[in-house]
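Remarks on the structure that follows.
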């Protein structure tokens, strides 16, 4: 059953239903990713998200049947968080179709880090979402471009992540509808590291940080952004079928014929 | 003191502070406008808005000192609703400056009908906002373009206003960030009758209907749109000074020098 | 070899290479479509386009190998015009991939009428592009929203198509970057009938009219819009690979390390 | 008389009429600005622009009557380039009105560097256009975000300006319709240093570099960007009055009444 979520209306939200999706590939093998996220990136994210009262947070991984996202589960999801990297190509088109359909109906979507190259992100944006990259553990500084925006509440003018994988422009995305963060990298590049778009009734927030060999998702500012992003992306209206063309009345609106 | 307003976070909004501004010129003279809105358009709007619990609704008119909008009052306003027509030119630039400043800080703004030609609307959009018009009391049909949007919640696919003043394209506005309604007029024209933009931290919603010689603001669908629009435009973040350039530290961010 | 096309620079364009693609299904069977377009919609379009000096215009149809759009041909195309309806589902994903790649590199794309539901249009926009429709041969009036725009040059404030298939809002598209036309239908609906977006280096123009059982593409204003649209969508820069992530230098920009 | 300027149509542009406006205050006093631009920034810009065949380039300065921009001159201008800094407040509102009117009619506008805080830029965008800044002569690296765009033709992936004044986010502008450049500063900040918007029929390009105490306008890449920007901003359609509301026929479009 739907959960009504409203903005600024005084209505108490009873339950925001969040699913954290992670391909869960890197962390299964011995190495840095496993050390930092022993139960998987999805569990690390779910742990801090679950601290919010009124939020019901569950996880899903790529190896599960239907990648953990059967239609009924998606129907009961208000916001989906997506982390993928090595497994993009193996995500089934059927699941991508289903997720896209739900976003158009109103489900919010947060895409993290290497998810820029996921099928679902490319599908919703229509571009390749390519970029330049470098794995050198350099510093990233995220500047807030939009200081009154819901997503940046509680943040200072900028915050730093001591070690990250660099992503640099050009970032082949459609012009962002809102630019939230821009990053400065120690190695000399820049990147639009927080961007928002609307597709159908759904809201999409791309947030760049989160390379699997660094403890980025344990950092407080990063956790705050993801929480704020989920709030921002939460549905604000009723779910609507956006998939079917509608045949209008043959006579037109009564008075005109 | 600020009222925190959040989206989908489960936080209860304690008090949304709304000011309804009307030039209050037509309704003071005997005629149709006075018959339909004997206490002024502002009072008609305030009456149905006041029914929302948690909303504090007051009014202001052009003839008041500082047009009823001294800086302290604006500082305590979350959303301003604006109806103007004959008096646009006499609105003082000082008040327009102050309203613009508050919108950039985060105050929401609803501009109604002939307010398309108000100084504040032209100021925030940067264009002339001209259009074509006809006073013939023809029918207007407003189609919802964005069915999941917060502003259209509770509305059917379209609703009609039996008699209105026609506004037709071209409407000289910057490309709307979101198009909410499009109108069909009996006389043959079309118009983008519900449009949204963001300026600084503030949200702006233009809503076309509301000619003073028709009972448009007594119509339930119109009232619902205005209520939803106020909710949508409510500030979602902290108030931020957006007026002053900031001199950065002469040495740059410590580690870089 | 590329054709340099520049805006307002005084450079003479040597040759704009246009391909008109049509599924060519309706017109092959006896009926209204065949009477109006005996050689196919693609030939009707190509005929008036070929009158432009400096334009090289060829056609392609769905039944041809690779739908007439092998990679080499696409590489030599500056603007692709697309009309499809019954055959959307049978267009191969491989060809859609190739067309998308070329648009991101810089090829212009005009999508006509029922092409709103084509794979390529949905692919580039990321939404379902659904709408409401009615086949009743009613009148369509297209209003110009953007009078100085390149696409509307030579047009009056509005023009009419006496008989067309109605398309009505809501049109499930991302917010148009530019809205060129809005249509008024005799039966009571409205529609954003001319819209522009950019994806990668490519420009996309959607133009609504063109139901196969009406002589729409024989109408002078419609032909003018399509010509102007092709000019607008022509590439303005160099072709650039937008498909591959780029690995940056490991040391970063020299001076920073 | 108007000069027709078309995109990709094969039409030869006979004459693009450009005016370079500079407040011409710094360079009149002994100091670094005068050493680098002895005849004023406007002359330095005009010199390289004049090398284009088919371009007629003249200059104007703030101290001239009507700031060198009487209505007749503006009527004969296709693209206006604006550099201002100390004199913003003394630019007369009357001239700002006239320039805005011409941009809405179709005149292109390039705003350079400290022109971010000019009345005309704030007027057309509707925001305060504030930012953070530092005069330390640090290095600026401009990254191309949009590799196929007309404005970046002939540029590599990035170029550097050895010494510039830093501008940093947040840059209080409406969301850019197109983001062309993003800058990395040695001191740790980032900035959207090349942005495009459309207002009415006019195109606006903001380009950040150009502090008066550095030889930025003598640098080849910077000159190329300004040339490309002028081409991009050149009018592509007919001039249209965008200032006056239009009263439509009382009976509506004939057939509807």
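When the chains are written out, they are named A, B, C and D in that same order, and each has its own residue count from 1.
Everything below uses one rule, namely that a contact is a pair of C-beta atoms (placed from the backbone, for glycine too) under 8 Å apart; a residue touches a chain by one contact, two chains touch by 3 or more.
These numbers were taken from a predicted model, which means no experiment stands behind them.
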Chain separated most widely from subunit C, comparing mean CA positions: B
Higher-contact pair (C-beta pairs counted), B-C versus C-D: C-D
Intercentroid distance (Cα basis), subunit D paired with subunit C, Å: 31
Distance from the mean Cα position of subunit C to that of subunit B, given in whole angstrom: 36
Sequence positions of subunit D contacting 2 or more other chains: 141, 146-147, 168, 175, 177-178, 185, 188-189, 198, 200, 242, 253, 255
Subunit C-touching residues of subunit D, taken from the complex the two chains share: 5-10, 12-13, 16, 52-55, 105-106, 139, 141, 146-150, 152-153, 177-178, 198, 200-202, 231-232, 234-240, 242, 253, 255
Parts of subunit B lying in touch with subunit D, wherever the complex brings them together: 100, 104, 117, 123-128, 130-134, 136, 138, 166, 168, 172, 174-175, 177, 185-189, 197-200, 242-253, 255-257
Of all residues in subunit A, those that touch subunit D in their complex: 141, 143-147, 157, 168-171, 175-179, 182-185, 188-190, 192
